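What follows are several structures.
Presented sequentially are two complexes of chain A, the first with chain B as partner and the second with chain C.
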Partner chain A sequence: MLAGWFFLIKILTMKFLKIGILLAIVAASIAACSSDSDSPEETNDTFDRGAMLANWADNIIIPAYSSFNSKVVEMESATTIFNAMPTVENLQSLRSFWKEAYVSFQNVSMFEIGKAEEVRFRNRLNVYPTNVAQIEDFIATGNYDFALPSTIDKQGFPALDYMLNGLAETDAEIVTFYTLNSNAEGYKNYLKTLSQTISSLSNEVLTSWTGGYRDTFVANTSSSASGAVDKLTNDYIFYFEKALRAGKVGIPAGIFSSGTLPQNVEAFYKKDISKELLLEAIDASVNFFNGRSFNGNSTGQSFKTYLDYLNTIKNGENLSALINNQFAVAKNKANELNVNFIQQIETDNTKMLASYDELQRLVVLMKVDMVQAFDVTIDYVDADGD
Partner chain B sequence: MLAAVQKYFKKDTQAAPLAVFRVLFGFMMFLSIVRFWMNGWIEKLYIQPKFFFSYYGFEWVKPIGDYTYLLFIICGIAALFVALGYKYRIAIIVFFLSFTYIELMDKTTYLNHYYFISCVGFLMIFLPANAYFSIDAYKNPNKAFQLVPQWTIDSIKLMLGIVYFYAGLAKLNSDWLFKAMPLKIWLPSKYDLPFLGDLMQQSWVHYTFSWSGALYDLAIPFLLLYKRTRWFAFALVVIFHVMTRILFPIGMFPYIMIVSTLIFFGTGFHRKIIRFISKLLRIDYSKMVALTQTKKYRFKRNIALPILAVFFVFQLVFPWRYLAYPNELFWTEEGYRFSWRVMLMEKAGYAQFKIKNTETGEQFLVDNTDFLTPFQEKQMSTQPDFILQYAHFLGEHFEAQGHENIAVYAESYVALNGRLSQPYVDPNVDLMKQRESFRRKDWILPFNDTIKGL
Partner chain C sequence: MKNLLSATLVISALVFVSCSSDDDQPIVQNTVEVPSTYKFMRDSESTVNFDGQTTRILMAGQTANAFTDFDNATESSLLAMFNHQAGNIDFTEADLNASDKNLRSKTAASYDYFFTNTSESAEIKATFENYISSQVNEVFPNIMVVATPGTPGQIADGTRTRYVSAKGLEYNQAFAKSLLGAVMADQILNNYLSAAVLDDGNNRENNDNGITEENKSYTTMEHKWDEAYGYLYGTSANPENPNLTIGEDDKFLNEYVGRVNDDPDFSTIAADIWDAFKLGRAAIVAKNYEVRDEQVAIIREKISEVIAVRGIYYLQAGKNKIVDGDRQGAFHALSEAYGFVYSLRFTRKSDNSTPLFTKTEVDALLNMLMNSSNNGFWDIAPETLDAVSEAMAAKFDFTVSEAASL
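Moving on to the complex of A and B:
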């Protein structure tokens, strides 16, 4: 019956389409003439979103995952070496590989799309604070499955942080957990499983990108909630707001609670790298915004060039410059912080708050202004508009 | 003059157009309800959220848990009964009440076209739309009429005319006409449309769409009224609404408007439609309408006309209430809804709420995702009455959790039609001390720009 109606409408439309088109053309040419004076320049070519996706995938995302993966592989072999011979020297070596991998992770954490989204990459690798009591429980029983969603706060880099830095005060004491402890095997196994899990997840995500997801991603230029541009824009902003602004700075600084929460600092047991992790994350965010290659200084199509292109149509504020300026301000504020955020929070939390405020301004610029300019669909809102 | 008015109200016309309108409207409504359900929106919009935004004065209207599904079933069945013309009067009353209840449950989902449907539903309660080509008329010859008062059909035309014309008036502002906003934001993002994608990037296209859209809305009621331009006008209606369907996530509305405008056509045309429907459904057309002969429908008690007179005065006046508020309408949205302001602005916002203990000075920020769905958060962050209601909800929530001396502050930013975002509500005002009312909200910060026009 519905088909019948559409048929009727179609007939009627066809009958009068010619007149309609004619009128539309007339109206169009009138409007075109009348608007020439106040539109600054006609845009000759359109923005190539496929090129932006290709730049993201080929020059940023895949190189960043490759680099991260090689760090993780090194970390895994250092773990094997340490487990075979648990010495203070091997502990320190493993720790430095852990740190390098953790810093490198800041460059891939924002790309929660495709395989990474499927395996909940960020949740598997970096949920903190880590749950020490349950980790000890897991080690004691030897019974754990990291694929279970309930175990996200007992694995990843924060759990390794505890295993490598938090078991005791001194390195010599830490090593005893893997040697003299009655359950030394349990500790070794847990350490090994942590390292292996990160490594296999990283490998899984990287091979998905190099295996074929890259082409799917680049081809998905559609303008909808499921289009790659919309999705990654949402992911990027979500990451920046929740994981970077709130996770690294806001939550430990007590923004969302009645008091400060220094125990929620990233790399809580290592203590002196929380600032380095934040700065790396900010750099990664700026570089992605500007479409800068992971290996090198060349830039390609990006949020910045997309905004600049749209601004030739809109002729409004130079949003990309405002965002870049604010990134610089936020980075300067973050630079003033103590290398150890626990100390910073306990001695002078106002600096943490100031740093948060600058990151917050970036969230507004990106979540309100940039999203409006792109007209991307906000996640999962698919109700009708009018 | 009075004589002419009296004469007009005594004039009769064929009931066929009204019957066709009833069938199509009821059927479209039934489809809309089914589509809403199939999309999973009942669950997503009315079951999952923990909190619902109420209309001022309708705080008692809330989703009723799993019974909400029942509400939609009732509404859908009522729509079907309306289409069939079976127990019409009860069906249309049930439809109006259930549909309006659904719309009032959460203003997050406010759409002008839902309001339009409530208006038409209300109007139809008073019209003899089951007089012809209906089960009621078929079963009971006393209820079958071939003629109905002319004004009953004209009232639907008037309703449609108001919707279009007021929507056109609302477009007469500097953002729409001279900046081609918000189309300048919306159209370029449709880059992936076949053939049209590249055109959507062109400035002249944005201006053309803005101007022709405004002209269309203002002119279409008149073009539909006059016989000579009617077919041309209908072609425009189809082109315009199909275009909006392609460009925007607009749901069933274009189809509803296309079939609604058929009411402007003459009886002969509607007879053909009825024959067509009869053939489609294999009903015996002649038997279906045989009983009607040439009886005239007469209203028993004369309450319909006065009620509808009040209704239309309300329709004509209510959209102008924004004039009573001093600030920019698009910014404060005081008097924005229920005024046929359709697709008029692009607003994006961000609102962060601070809960403060006024005695100890202790404070913390709220994570909105703990309480709101992404859709609710998006709507809340740009509309002051949402912000106020949510602030009160938060205050009461944390009070119940044992927090004391609670003050709630909002730090918020809004970007309107491509302007740079700027602070929206006064961050120093304790929203717990503010009450919702029709009075102007003086805690909204100034817009710092002007949009000229109606």
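Moving on to the complex of A and C:
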């Protein structure tokens, strides 16, 4: 009985300690940010949000979507060629176009706004792990509709990964699914529909930007929750936290589960490009942060210049410099990883965890410090899991 | 008028006198302290038992999950799970199949609210059966259809796919969140903690004299209290010390006591509820019925609060998504909220025997949620969600924003 008491008291004490520490941290951060925001922000934040939105749209977003769209068009033609002549050579050609498009996708995935948000672009193109059993079921029955929300894990680049890299061990064997297999037509149709769907979604989003959404976006300079800066800032951080940090590294490394999940790496069947996809995504994120144009080295108004305008200081250092330094650290850590994340997880998962930690530090700098400086409210919460 | 007033004063003075004289004298000898755990023994044998409650929580979990088992579930298989008969193979576990317990007989079945109100009890049971029938007859045929206003089917909620009615309601959520009121809360607050049940027949006399039930280690009163306990903690990893995993042990009351407790505005609620359960049970052992009844009042107040806080939380979460332009993303939260609002019917004022919300009041709130526009959640206005939230919070001493934060 007495022991029980002590146990309980210990637990309660631990809990209160934790809460106490948490409160102290919250109090400290509130104190810190209010002293920051007192001076420049509320009184004279006349930063030209319109110029930043224009730089984003004209020099980064639209060029990135244009580039992605051209890769996707090439991938679709390569699919047509392969279906007409399913040879090992055409498979390898299609695979390289698939890879180029997948790498290019890392440059647009973060812009889930406007038409992309409406069509759920990222969920349509890159939900992994892909559901192989149901893909095979769809192929067997020929009955599928990629517009249905329940099909997001049977389409996009991960489904193509399975169709091009995962059907068998060797390329010659993979090709037989499209030639000798009793349902070769079913495989070809599925492959074609996958490519076409990506292509038409990509085209839809690009045309929306070039066909009028750009002006709506740039004109929406309001500093409210519905303003374009607030929304895209949220989209960017959400992407970085959920799709990049958690999706590419944290989930497969087992951060959110009781064991590692190597089957959850990006490009699981291709195996040797998960690192390249991660590095491309980090580059795209840091370039967007700095407002660097997609097709060159010039920079314009950006999160960085906005922070510098506000003169945001954290622990005596410019927040923008802290973020850029941390991006460099995170990229260096990611560079140490095996090109094949499955091998990395299975041989030395601590490197994955170390990479995750550096990305996590970036999340804190951006999701806490940066948004407070901008007076932007984070509009998403972690779902409660059911 | 003047006479009436002075008469009232005299009566209340009498009441005060009689109360305080009671307090002064006999009870000193059986003071009760809060035990460290929910562990009670008689002759080195545990006196705590709530198997039936554990069974029903497990049945409720499987039944709610089966709502989206599109390949195997049928209307009759779901109805059979809800109204299980001993020996029928309705569940995946042999223990549940063998059990003579079921959910339907304990739905809207508390002594205080429904013993002489069988017509409403029947209406509530029918509501649950209608969720089942509607799920199978409306949603099942449309699982491969994208839902639109007036048409059931799929909606996207982030990376999740939800299956909703023509009005955007997820019947499985409405079923589960209504059940935590109609079975768990109702049985705890209005049945097993009811004076009519605890003190039924010779319960007090037997408890005073330590007369246990035949072949059992517990008195009837002790057992009634434990059955109340079991509806909240019956599937806890450690039922003697359940707050170690509060919120993780079921998808019903336990989960939401945990979730509300995560909100800093309500961070003692799980401890308050558990302490009251422990102290009340210790009071029964000490034959101190005054302390017991004080704990009943606390449990009624706090569990009612959990239901209202979580309901408001989901209403506001749904509202925020609608305001952000993600209306379909709001349907899941609104479906949960709908069930919590339904569950308000089973909440209770702590100081007397009346419901916190009458049937009429709850029906009015549900009507606002589902029928204030033609297509339910497809076109409900944020203002309506605020109005329902405010109406709920008005019965308590917390605000909508306190309930919505976390």
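As a convention for this text, the second predicted complex is superposed on the first by the 328 of 386 C-alpha atoms of A that agree within 3 Å, B and C clash if a C-alpha of one lies under 4 Å from a C-alpha of the other, contacts with A are read in each partner's own complex, and residues count from 1 in each chain.
One rule holds for everything that comes next: a contact is a pair of C-beta atoms (placed from the backbone, for glycine too) under 8 Å apart; a residue touches a chain by one contact, two chains touch by 3 or more.
Only a predicted model underlies this, so the values are computations on that prediction, with no experimental measurement involved.
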item	value
First, second, both or neither for A:T170, with chain B first and chain C second	neither
Touching partner for A:S182 - first (chain B), second (chain C), both, neither	neither
First, second, both or neither for A:V127, with chain B first and chain C second	second
Per-residue touch tally on chain A - higher for chain B or for chain C	B
Partner chain(s) touched by A:N297 [first = chain B, second = chain C, both, neither]	neither
Chain A positions touched by chain B in one structure and by chain C in the second	1, 4-5, 8, 19, 379, 381, 383-384, 386
Chain A residues touching chain B - in the complex, by the definition given at the top	1-2, 4-5, 8-9, 12-13, 15-17, 19-20, 23-24, 27-28, 31-32, 34-36, 38-39, 42-43, 46-47, 49, 221-223, 227, 246, 250, 254-259, 310, 313-314, 316-317, 319, 322, 360, 363-365, 367-369, 371-376, 378-386
List of chain B residues in touch with chain A within their complex	27, 31, 39, 41, 45, 109, 111-113, 178, 180, 184-186, 188-192, 197-198, 201-208, 210-212, 215, 231-232, 234-236, 238-239, 242, 248-253, 258-259, 273, 276-277, 280-281, 342-343, 346, 348-350, 352, 362-367, 374-375, 378, 413-415, 418-421
For the chain A and chain C complex, residues of the former touching the latter	1, 4-5, 7-8, 11, 19, 120, 123, 127, 145, 147-150, 152, 225-226, 379, 381, 383-384, 386
Chain A partner contacts - residues on chain C that touch it in the complex	35-37, 39, 143-146, 154-162, 241, 244, 251, 259, 267, 317, 320, 323-325, 406
